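Here chain A shows up in two complexes: once beside chain B, once beside chain C.
Then we have the complex of A and B:
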């Protein structure tokens, strides 16, 4: 561990640490453009020069290129170094245009800051300024190449860190150009990070273009809700409008970066059609009246038909407080529910997953990057949780092997082994792989008894596919050599047994290797929190569909829908609307303009994660994190003034500022129902949660601070295996194709479906199938096909690919496909239901 | 008695002073007045005196204001607010621009901050109103059809940011780099 002195302060750093990083640990931020902690050093900008006074290196040197060594004495403020840096900035500014007033970076521009702090003021060079033609780079990133100072950060992120090739560098020397070969949208779903990385205004945020300067923004640390990973973001609002989201550093979760869905999908909070006032029978009412009426009607129904006639639906996009108060209200009142998941199999999978995670096997996204063997079972990272793909790539860059067992045509920005097996075959593949990997420990009796018993039950052949079996065994040999394997398991398309089996296998690997990780992908940003509450809620709540049937039969008279959109589940089903009509009382609380908000008689608006109150969210590894409120809420000024200036009136309150956090509304409802003896729902929430499920206990002991509190049980030493009934390989008849409903990066996720920038880049839905199946059906590339599903038919473009399992069709849960009925469970479509149009 | 004599002297002195003072006043009745009667007479103010604010235009008759938010940032009483937007041709402009003159202290910092010479203070100070809301000026109230104190400057000829035409057409700019050629 080298010891060195920087600006008269001593520090000891690990060997290999660069001086710039060592200085940062002391809180000394040396000027930099090309150096970035995530991208490393490249020595392109020369602005991090410092003076080395003593030690193995002498004179002015680049602090990002010099590793810290024993005996170094460094001065960052030596006149020689400062003069050097001033000249470097003057050189960088030679060609920089005179456009700060019309540049979006102005106000948070690193070049601006360094120019001012470096002391460069007047341009002395009288020659012509170099210019470049700009390119169209898609809906997210604005290109203005004149401003470039050639730090190479964009190329290093885009190609090295993220692994996409369509953006890069051209020309040499003074003419170096960063862009694409030809105009066109950037292909990477991580391209938005270029905006954060660019130290000047070459790459700026297009949806937020000209919306405001950094000093005018209300900014706060928040969380991304567009998948279950819980990436950290900084949100910015201005004039009551969310205008921008940037990545925020959390070493344990997302690092510095976020995906484009998380960066540009926030605009649902500004949706012009969002209902913002409590509404009763078409009339706007005050909160007091709304709560009183709701309590009155619910009490009447409860008295007439019993509390079981009131059902409650929740969802996984509500904060922990909302979910908790909802659960407590149901418990106290004896209502049916709450049901947080829109399908029973999804609920069972989530419960199975989170009940098997403990502090010993659960890994964070950052831990996953350090794994040396990644077994991805039934997950399509780029589409389901994009940042996972970036995490896998970092592991791969460190030398990890990545194996993907998934029927879909998975694309990842790295070299990986894709075994396109049907969902029923994933269990077998896991068995074969892990069997090959731990065989020596088992035969030599190194495994604990329970693990050995589980090992003996593993399947040892993949029927009917010897080449695949051989490939699995050879991959198993690689797994055997690995020291830190991680199993990544998606919950979306896999059979229920796979979720359990992934946990069992990670335990077996841990028994054999001392170290193994388990990483689930869950449906929704707070699916873990909802799952913890569901696990504690015994007996489990009936499913959405069961409750709906009960409503149709008249057994359920009232329905409370908390931040859930049943149209995503039951769209186009006539019995769904019929059941809604039969209800005596339907209360909807939401922050999205769902199709339901226009239909219902009784609506209460809730706030988004960005407004009013801090909210807790539990990500897929059980990490509870807090999102701070960014602004107070209310209708955006741009909408109040219809694009022109805001109205010239004196007002007491905030226009459209009525929405309340869901938990607060529910607590008020609880008080209205119970009267003065009601508990302090929100104030005592953590205590109540901890009593309900001891996993919540850490919330009591400490405040939820960065980087989050893990709500996981202690590591279990007993290697409890579940031995699930494994899925069978041939569970699809030959004259049928299995239809997999899948997620896409853009177009399927609920929240970003309401955001114009992400709507702009989403592709129209298409049906994907394997070439053999297309041949069987007589379909060719470019065909349009009609697919009959549950009495209705939809027409789509067909995509034929090679790298997916046969016997399958893949269809995105696209928002443009709303109105289609998607039944529960594996969907089998007879071949005669697929026609060419 | 010495006291008696003193009193007589003081009375005489007082009378003289009284008469002198009234005499001066009396004389001034016949002098030409130097007071200027406002509002009957309005004295021309120096061009750099600071009062009502205007938004000027460049020689091409385009709005100079690019809504860069620097004036609102420099305003010590936060009386300037605006929203920037992009015109169809890519030029940045103020979708709306508002100055609350009931708050303005006419310090002129906005003018100093303005990089395009758009916002300028004029000598016109007669802006009093009874209703505060009428002191809130919008862009259409502020925009004038001349260049104010500088008729020549056109920021967009120096900016380097394209509004129309090809890159490299602005003052002190080279032709754009040809990416598909290795020739210098």
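Then we have the complex of A and C:
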């Protein structure tokens, strides 16, 4: 490892480290524009010049282009280097419009910082400045090209790092222009990262435009809740309004970057229709009265009909504290629930997944980037968990093979092998592929007994599709060569058996190769936490649907709905509202303005992740992370004053500041129910969780600090392989098509569905099918079709593609289709129910 | 609309290459020759044929001096902008040319005959100052020589199309 001296201080760094990085390790931040740790060096800006006094390199050189070597003596403050940097800044500023006062970057601008630190204070150039025409780049990114210093960061991220091809660099020399071929929205769902990366005010945050300088903002480290990956963000609020989200470095999870759903989906927190006061029978009440009344009514129902007449629903978008206290209350009171998942199959899949993860196989997103073979079973990364797509791309850039087994028309910003097989065929493909990869170990008797038994049970043919079978075997041979394979498994469209098989196969690969990883995608930002609680709650709670039926029959008299929107599950089902009407008591707690919040008699407002208290969230690899509160809460001043000065009245509290963290409200309810003997629900939460499920124990030992605490059991040698029936292909009957309900990057996720910027970019829902099926139905491109489902029908645009499984149709669970009831489980639609209109 | 014959020609060229991108510049030239300059339509055609995005085509097309993204005159005069030529530009040949034709660098004469463009070093430093007209070399230049060349091109309308 090279040893060198920078500014008279010695440091040893790994071979290959650039001098700019070595200096950073000493806390010396050498000026830079083009260099970025995630993008590497290009030497485009020349502002990182330092003086090399001794060693293999001599003179003024670029510290980002020079690898640290033994014997180097470097000065960052040598007069020659400083003079060089001052000239560089001066020429970079030559054409700059000097418009900092109206520039959104002002206040956190690297160009401002380096101009000042470089000592360039007087303008000498008196000529005309070069100017550019700006482009419209869509709803998220604002373009002001005159401020560009040609550092190339944007283009390197957009094309090289992220793999999208509609933004880049044109022209040469003084005319060099960064933009698109023509005005139009940026196509990449990662485009928002350009805002963080651009060191000047060329690319700025459009929705946050003109809303405040950095020093006006309340900022804190927070977490993204728009999928299960748990990317780290920095949130900013001003005047009680969330106005901006930026990516925050977590080297184990998202690196520097986040996706646009995570960056622009936060505005649900500012929603003008968010109910912000406790409400009882249509009247606003105080928290004390609300808690007292709720406890009173629940006690009465419990006494009259038994505690089993009270049922509790939760969700996967609540903090760990909320989930934990909810579970504890149910235990103590003997209520039914809580049920955190809106469908039994979802619950079973989540439990199957997390009970099979352990510290040995679970890989983080950062680990996944180092894999050399990625087998993606039933996942559509860009649409389900966008940052996974960037992770896969980084692995691919390092040479990994990526194979996707999924019926959907999956797009990824990289070269990959897509085998569009139906959900029922994914198991078979996994079997065939892994079988081919490990059969040599099996025949040589190198597999442990359990793994060998599992191996012997694997399917060895894909009925009726020899070419596919051959393809799988040849990919299997590639997998055989890999040293660090990872299986990625989505939970959404796959059969339950696939979730189990993914875990089994990763264990089998591990047995054959010593190293193999497993990476699930889960439904919701705290699905892992909810799953851990559900696992400890065996026998499991009845499903939403069962509880609803019980309510309809009058066996359940009270329902507590904690941060869940049952309309997303039951809309369009007439019995649903009837069942709710039969209840004697319905208590709804939420931070979203769901269709339910307006209808209910008894409503208690909760806070979002951005307000009031820190909250814990467990991502899909079992990493518990903490989100700090950004602001204290309350109704945005812009709403309070309707755009003008807020009302001039004296209040003791913050207007609209009543919402409380869900866990805190539940704890207060517990106290009201139990009286003085009540436990310290929140203070003792971690202890109670650890008793419930030992996997929570790490929460007791350490504080949840960056980069998070893994809640996973140790790897054990005695993994119990499942013994599924030999995987078989369940084909769809010839006169039917299977309808897959899927996620889209924009338009289907619950929280961002309430945010105007993400609403603006969502596409209207459309039905997608394979060209052969379209032909069968006599449908052509551009047709509108009506799809009859259980009596009702919906009309949509049709999209015809080649790269998906036939016998299927794909439809997003779109916000705009809310109100449409879809049956549970695989949905088979008879061909005669699909018409051209 | 690109004539079918040209399209097929280009497709054959691309198919024969190991990687389509090897043929990028050749395809650009064929399209430029057909359209008279590398028009927006040419960019889109090139993108579709080479499986590139219009942006990627634009990135390349705007890098090179001999691809014209705007309409040019019948004769494209590329005056060497290299350092050696400038050392020999006594009384500035470049200015003389521009004044004579009544255009600035980058402009086309009103009659549509001449476009004057500066270009990177063309490698004729030994015969500086130098220029290319539709790819044909002229130099060392003097004002008298420039007069002569322009007069000849005006009167003879000779066809020097090479790089279009």
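Operating definition for what follows: the second predicted complex is superposed on the first by the 831 of 837 C-alpha atoms of A that agree within 3 Å, B and C clash if a C-alpha of one lies under 4 Å from a C-alpha of the other, contacts with A are read in each partner's own complex, and residues count from 1 in each chain.
As a working rule, a residue touches a chain if its C-beta (ideal position, glycine included) is under 8 Å from a C-beta of that chain, and two chains touch if they have at least 3 such contacts.
The shown structure was predicted, so the numbers you read here are calculated from the model rather than taken from an experiment.
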Tell me which touches more residues of chain A here: chain C or chain B. B
On the A-aligned overlay, A:182 touches which partner chain: chain B = first, chain C = second, or both, or neither? second
May I ask you to decide whether A:8 touches chain B, chain C, both, or neither, giving the answer as first, second, both or neither? neither
Just checking: does A:102 make contact with chain B only, chain C only, both, or neither of them? Give me first, second, both or neither. first
Look at A:129 in the shared chain and tell me whether it touches chain B only, chain C only, both, or neither; answer first, second, both or neither. first
Just to be sure I read the superposition right, which of the two partners does A:171 touch: chain B = first, chain C = second, or both, or neither? both
Could you list which residues of chain A make contact with chain B in one structure and with chain C in the other? 170-171
Quick one: which bits of chain A touch chain B in the complex? Just the residue numbers, please. 97-103, 106-107, 128-134, 144, 146, 170-171, 175, 177, 179, 209-213, 215-216, 239, 637-638, 641, 643-646, 648-650
Mind pulling up the chain A residues that touch chain C in the complex? 165-172, 180-182
Which of the residues in chain B end up touching chain A in this complex? 66-70, 72-73, 83-86, 92, 95-98, 115-116, 133, 136, 138-139, 155, 158-162, 166-168, 172-177, 179
Quick one: which bits of chain C touch chain A in the complex? Just the residue numbers, please. 43, 52-59, 62-63
